[in-house]
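In the two complexes below, chain A is the common chain; its partner is chain B in one and chain C in the other.
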Partner chain A sequence: MLVQALIKPNTYFDSVSLMSLSTKANQIEEVEQAIIAMGTEMNKEVMKNVGLMTPEVETAGASDLIIVVKATTDELCETAFERINELFTKKNSGKKGKNDIKYSTISSAAGSNPEANLAIIAVNGAYAAREAKKALENDLHVMMFSDNVSVEDEIELKKLAHEKGLLMMGPDCGTAIIGNTALCFANAVRKGNIGIVGASGTGSQEVSVRIHEFGYGISQLIGTGGRDLKEEVGGIMMLDGIQALEDDEETKVIVVVSKPPAPSVEEKVLAKIKTCKKPVVVWFIGGNEEKITEAGAHFAKMSKEAALKAVLLAGADESKLNKRALNIPLIEEVRTKLTPEQKYIRGLFSGGTLADEAMHAAMEKFDNVYSNIQRNPEYRLKDRYTSQDHTFIDFGDDEYTQGKPHPMIDPSTRLERFIQEAKDPSVGVIVMDFVIGYGAHEDPVGAFLPAIIEAKQQAEQEGRHLEIIGYVLGTELDPQDYEEQINKLLAAEVTHASSMQNAGLLAREFVVKGE
Partner chain B sequence: MSRISDLFKSRPHVINVGIESFKDDLLQQGSEVIHLEWTPPGRGNPALIAALDKFENPAILEKIEEANKLAVERIINSQPVLIGYDQAINCVPGMTKTTILHAGPPITWDKMNGPMKGAVTGAIVFEGLAKDVEEAAKLAASGEITFSPCHEHNCVGSMAGVTSASMFMHIVENKTYGNIAYTNLSEQLAKILRMGANDQSVIDRLIWMRDVFGPILRDAMRLNPNGIDLRLMLAQALHMGDECHNRNVAGTTLLIQALTPYILETDYTIQQKKEVFEFVASSDYFSGPTWMAMAKCALDAAHGIENSTVVTTMARNGVEFGIRVSGMPGNTWFTGPAQKVIGPMFAGYKPEDSGLDIGDSAITETYGFGGFAMATAPAIVALVGGTPDDAIGYTTKMKEITTTENPNVTIPVLDFAGLPTGIDVRKVIQTGIMPVINTAIAHKDAGIGMIGAGITYPPVEAFEKAMLALSENIQ
Partner chain C sequence: MINAISGDSDFIKEMNNSLFTGFVHSTFNRTLNIKCFESGDLFTIACRKLDNGPNTLIVNVDNMKSGKIEVNDRVRVVKNLLFIGDKLTISMDQINEWEGVLPSYPSNEEILKRNVKKMKDYINLHGVGGGMKKKIITENPFEAEVSNMLEKRTYFLMNELVANRISSALPHAVSLVGLGPGLTPSGDDFLTGLFTILNMKNSPLYPNKKLICEEVLRKAKTLTNDISYMTLKKAAIGKVRESLITLLNSLLIEDDEDLILSLNKLLNIGSSSGTDIAYGIVFGMEATIRAGGKVC
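Now for the complex of A and B:
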């Protein structure tokens, strides 16, 4: 073992810095033991006691810096000195700005940043209501992504927000666009004069991208959370949302998106719409046309229809719109490719409302349509792992996520199911959504591509045609490359649907037999 | 609806709680986002969350806020003045010839750690109650010695905090509220009683302090009719780069400068006075205990206010960390295990040589300096492992768990913001942020002394117990 010392005459460092440097020096791999200290009598005494005394150390004075190293070889001592010298010259890597101030509570963050106006709450449901309440008390609008919040808490929060004139979007609200800024899961769309209030996240996303595709834009997209139109909550946020859009100068047309509300809530919402001075398009997925029309609203049965009505009300010239009608020759062609045994649709969705819309399209022609989101318990899937006749699955439902991230982020569960369905000879068509935009997977189609290609080859070997419909929900402004997603589908011989409405209708029509 | 239309007209300026990728998406869109450093309140413990919720009840909240306002007013308005020095037996309440005061919450001899046992036996020898440390250890175990926390006698004690009858104490009077606080004299560094060292050199120094140093300081202050305003001096020292717990260069210079004219006037020999000045100059720590007594004096004035959740004591005995809270009067301690101190060590020592966190010096952080004022002491940021920005970060973070800022003692680099003042048990539980403490590291074995310095945190259990007790107490 070698002990070598390096003396830097008349070099002062304070003791705290030297202690810190010594500690770091002792962590250097080559170093058996090291001391960096000023040459005071006390320090030299310590060095003597621990066997690090050398003649150079002996002669060092109190104003000299001593670096003494114990290592196994000369070279290692040299390396150690080099590394220690690096410690002395190591400089701070750039200044931190004011933005790096860390806050731990909403109150402190809001207190120090009076310009803050909205809180996104995405914590475990057990804590979410507390945080949302704090946000509202600090006069912040709230978007609550968290779910598993009690209905009682939801009502209390929404009442508090209503009293204070604040938005309480959620719980379980995944989509909003405020001031042309996408919050959580939303797409980059043009700024425009159509406002959306949605109880359903992907439904609102779908309408917003269709409006964008028709050349129009969104003023605001307000999410309410999925439970807002239930009896207990009473549509507090939906009613406030409609009012807010009515008051908003930029909004010319309002679109309301939801599953069919509880009857008492539907009454309230339609009464509100009746007095609204602006035209309102209502898309209640599977909703009742008559009541809606009676309220003076514009009824839409499907998503693209809702977007179309909205842009026409906003002043679009119908003759100049590309409405993307269904491709009838394609339907004929696919029908001829399918054998009589290939009867069923399997819809595998990451978006709940997208599943719902496709399912409703199928239900118009078939009775045997099963799903985990069927309202009629008779048609609810008995076993979540096994499909039955026509099956539509919303993989965002709790029973499928099982603690994993949402399928828009983590494709694994849906991917496994796809591989399973592709092997089923009774399957006529598999229909899937690929959602891009803020919050979503960076390459959702890419995640499925190898499995799609393999499944197609496998089916071909078995002598059957595997028909897959893919729909990419997004716009060319989204952070992911929209065109590239579509091109990936086309390259894998997947039928690309231009909208969710078309995807649902195509799937249905492909498996209609003997018409 | 005006708030909603305001929102529509501007862009969202978001406070993001939870999923961090939402922040990144917003930044990508050019939005302003503050991402919270959020953890589940009360570490997710339902009883603690229930207690937090209870304290949100408007009627209870109002009581607590009012009580805390009073508590921090008393801390801020306290004017601790050094009025003299005297032997403990002559001034400390409850002191007897066989009493030994120690740091931290109550502890029995058999449970004391190495440094504290070393200090206790050294003090027994110093007091002439035993001829050597072996005999002293027997005496300590015999039950004939009364052990009691410094804090329960209006005192504080650095490190082991061992204080015996004939040791000289600072006497600090609160000119606003009238209470008095005491603390021992600095033995300077490094092989000293309070660090657990107890050989003959330590005893000899204690004897000199009793026979020369203490009497000179006592007699000097008898010549000073006004005393020395310690809050004012603390504020000056902080402006000069001290945080007055681990860095005391400026404070010591100011204090000895204030004492010098009176020391010169005393009747002692030039040689004795010279010894005093040399002793003071031998370590920057001379004023360290003085600031502790100053803080204790102010915090005692804020103790015992019904419904207050403000912490008035943080102290460690080397085994347990104890806190006292204003709303839980008297000597109600809430404890948890003492923690390791992480930081640079003197040459030749390793982390495994360290004793656990010890001493009453965390009274400085309880007042709002020390670790809470790291931003004032860029020269010692190596203690916190980094840069002046890190130091500022520590101070800023402490605002998250304190009640207000002390306008009397300010931090230049933070635009002269006041010290973060009045640690609130509720906020600690809510945020999971622990008060940061700058402190020295004593060797784990008796008789060796100081081996490093660094930072440490209280155990969360102490605050959790306090929260639950407060929740039962405040109705």
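Now for the complex of A and C:
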């Protein structure tokens, strides 16, 4: 690959034009890579760092414009420069492209699209409540992706929605599938007759993809927002969601997904389920089986179990389902590879409910399980940068996302932590989720692959086996290539778990000593 | 002949009190820059859609391209008229003088802290990526490396500033000059935001502003282009665009609508410049808040 540079002395273009030119230059067929920037010392340092330094760039001054092109041959570089020069001369003559229609207000959007019945609100938390109220007043269901909305506003909005017979999903609702359309972070699953109401985003995603894998599908997936089942909010949306699914003709079975609700809310939800005419499967992570079965619901301890019970209730023939049992010989094999010192699990998750599920699996066998999402304050991580014994981290939690996108989009924080954990000789297994689907990173496994390979090599040089379990949450219908994600894990000698439930159980079993 | 609507008081003084001759340094759609022979500084003529700023005259036209003005055209001021060759004459008879004055740092930080948090959330969501704001998927290794370097260097700068290790902070600040894409590199825009905060009277970091700003500026002369350098030079003494001052005033009061309106105006500057300046302001405010009583 050849790198050539063109210097335009004392040439100034405004930043908007430069960005636009740079984007267009990178779209030229012959170009592997094109950079257009001012020739400052710092930018030259960057060029050097990324292998684009040339003698011409070296001599450029801070007021010179540098154009660097990477292509396979001299001729292609020349052609690219010609095209880029054309772009420079044409820069003012182009007409603006056609864009989607943009509306300034909810009311104008609703007025211009009378057939629309749902608004997604993803503005700053300070303004989200106001916009949601406008949407509800315009008779639109609302999915509110925004967080940092006050509880008072949430209650007011949910009461208003309830009065108007509308859904108020959120605040902080990241997952929904309405009318077979995935909204925000959701997976492409087939349409079916199982409805989900979830207060846990990735928990609902996990149940939906397991149902899909069992050959069934989703009628609706209604998100409530994580705070709905707290005492103050009282589960308004959960109750309305169950009612909506009960009224929905396409839904035959309902699955309720949440962390354990506040006791008074749990009572209300279970009372609602008791009167529901459709079968209901309840997966309250770490929830109480007795209370749930007393309400006439079907209790599920883990995600795959919830999906399995739902498909059986929807008419599946159990004998024909591949339930993907745990690989017992593999457990024995890994145990023999780990030294007595390699005692601990480190769970690094982008999905909060996925972290919770794996953590609960570990808590069944070990007392010393620490996390940033532990409900018992005694076992909450004292220092978010340092792991303790068995540690499970939800990187989507606010403390890890300050000023950064969610880890399902930006893997950098989790990646750094992975590198740190992989060096710890007391670690037996690292378990991680890789969420694909709408809204998620285009290649989550790929982002980790170099670090995984290096970590495994490093461990081997130090004479220890580093066991890594990877779980890809997704389906073959998702925009990313599901199979390719799995194949990348396998190629890096990562143990691929077929579900989050299996990932949690495998991690736990791998580090059990002396059984 | 066209009219100047408003102008920076320093620019007006410069034209009134001494000889002012120069040449056209650079031209854009909405602005042109003049290099003054006498002071060596750059001065800007901007169309009416833009806000007031240091060394800037706002004129009553929608764009600057119609007069066919070219780089190196001679400029001179005679009485109340500014001539650009024989292509354009600007009258200053109806000019309104503008003087940008930064507000003082508040004695009670509570509202400020809340607003800085809101501002940070807002720019994280609505800011333009590619500079201080990392893009989720970078377009090329250059962009990724620039963002990484900006992140690392601002991180080290913050550590040194809050610990009041000013001499150790300086190399990190200097290492941002000229770093990044755009006419005004992202690192320069960030420093413009930071310098603005350091120049707020009564702030805990105010006693150090002279040392920091002057030293960075001294090194910046050869590290960035003339246009960006001029912006930094002015910001180093607290002279910044009207939209920045408006935003600072919004940060001091409890009015969310006002804050967002001000912030949107800032974010609309350049490609990612507004976002990079906004991050500099947030950084400066956070450093000031964290430095608290330690520095004074």
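The rule is short, and it goes like this: the second predicted complex is superposed on the first by the 414 of 515 C-alpha atoms of A that agree within 3 Å, B and C clash if a C-alpha of one lies under 4 Å from a C-alpha of the other, contacts with A are read in each partner's own complex, and residues count from 1 in each chain.
Quick note on the criterion: a contact is a pair of C-beta atoms (placed from the backbone, for glycine too) under 8 Å apart; a residue touches a chain by one contact, two chains touch by 3 or more.
The structure presented is a predicted model; accordingly, all values stated were derived computationally and were not measured.
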**Prompt:** Where does A:12 make contact in the superposed view: on chain B (first), on chain C (second), on both, or on neither?
**Reply:** second
Looking at A:336 after the superposition, I want to know if it touches chain B, chain C, both of them or none. Which is it: first, second, both, neither?
neither
Open item on the list: For A:148, using the defined touch cut-off, is the partner it touches chain B, chain C, both, or neither? Pick first, second, both or neither.
Closed with: second
Contacts of A:461 with chain B and chain C, given as first, second, both or neither: neither
Of the partners chain B and chain C, which touch A:62 in the superposed model: first, second, both, neither? second
* Touched partner set for A:47, first chain B, second chain C, both or neither -> both
Next item on the list: Report for A:410: first if it touches chain B alone, second if chain C alone, otherwise both or neither.
Entry: second
Q.
For A:121 in the superposed arrangement: first (chain B), second (chain C), both or neither?
A. first
Applying the document's definition of touch, where does A:319 land relative to chain B and chain C: first, second, both, or neither? neither
Chain A contact check, chain B vs chain C, more residues touched by chain B
In chain A, both chain B and chain C touch residues 14, 16, 19, 22-23, 26, 35-37, 42-43, 46-47, 49-50, 52, 92, 122-124, 126-127
Within their complex, chain A touches chain B through residues 14, 16-17, 19-23, 26, 35-37, 42-43, 46-47, 49-50, 52, 92, 95-96, 100-106, 108-110, 113, 115-124, 126-127, 130-131, 135, 139-141, 145-146, 164-167, 178-184, 188, 219-220, 240, 243-244, 247-248, 250, 438-439, 479
In their shared complex, chain C is touched by residues of chain A numbered 12-16, 18-19, 22-23, 26, 33-38, 40-43, 45-47, 49-52, 62-63, 92, 122-127, 148, 403-405, 409-410, 441-442
Residue set of chain B touching chain A in the complex reads 1-19, 21-22, 25-26, 28-29, 31-32, 34, 36-41, 44, 49, 52-53, 190, 246-247, 343-348, 350, 379-380, 382-383, 385, 387, 389, 393, 396-397, 399-400, 427, 430-433, 452-453
In the complex, chain C touches chain A at residues 26, 28-29, 65, 118, 120-122, 124-126, 130, 134, 136-137, 139-142, 145-146, 149, 175-185, 187, 222-227, 256, 260, 270-273
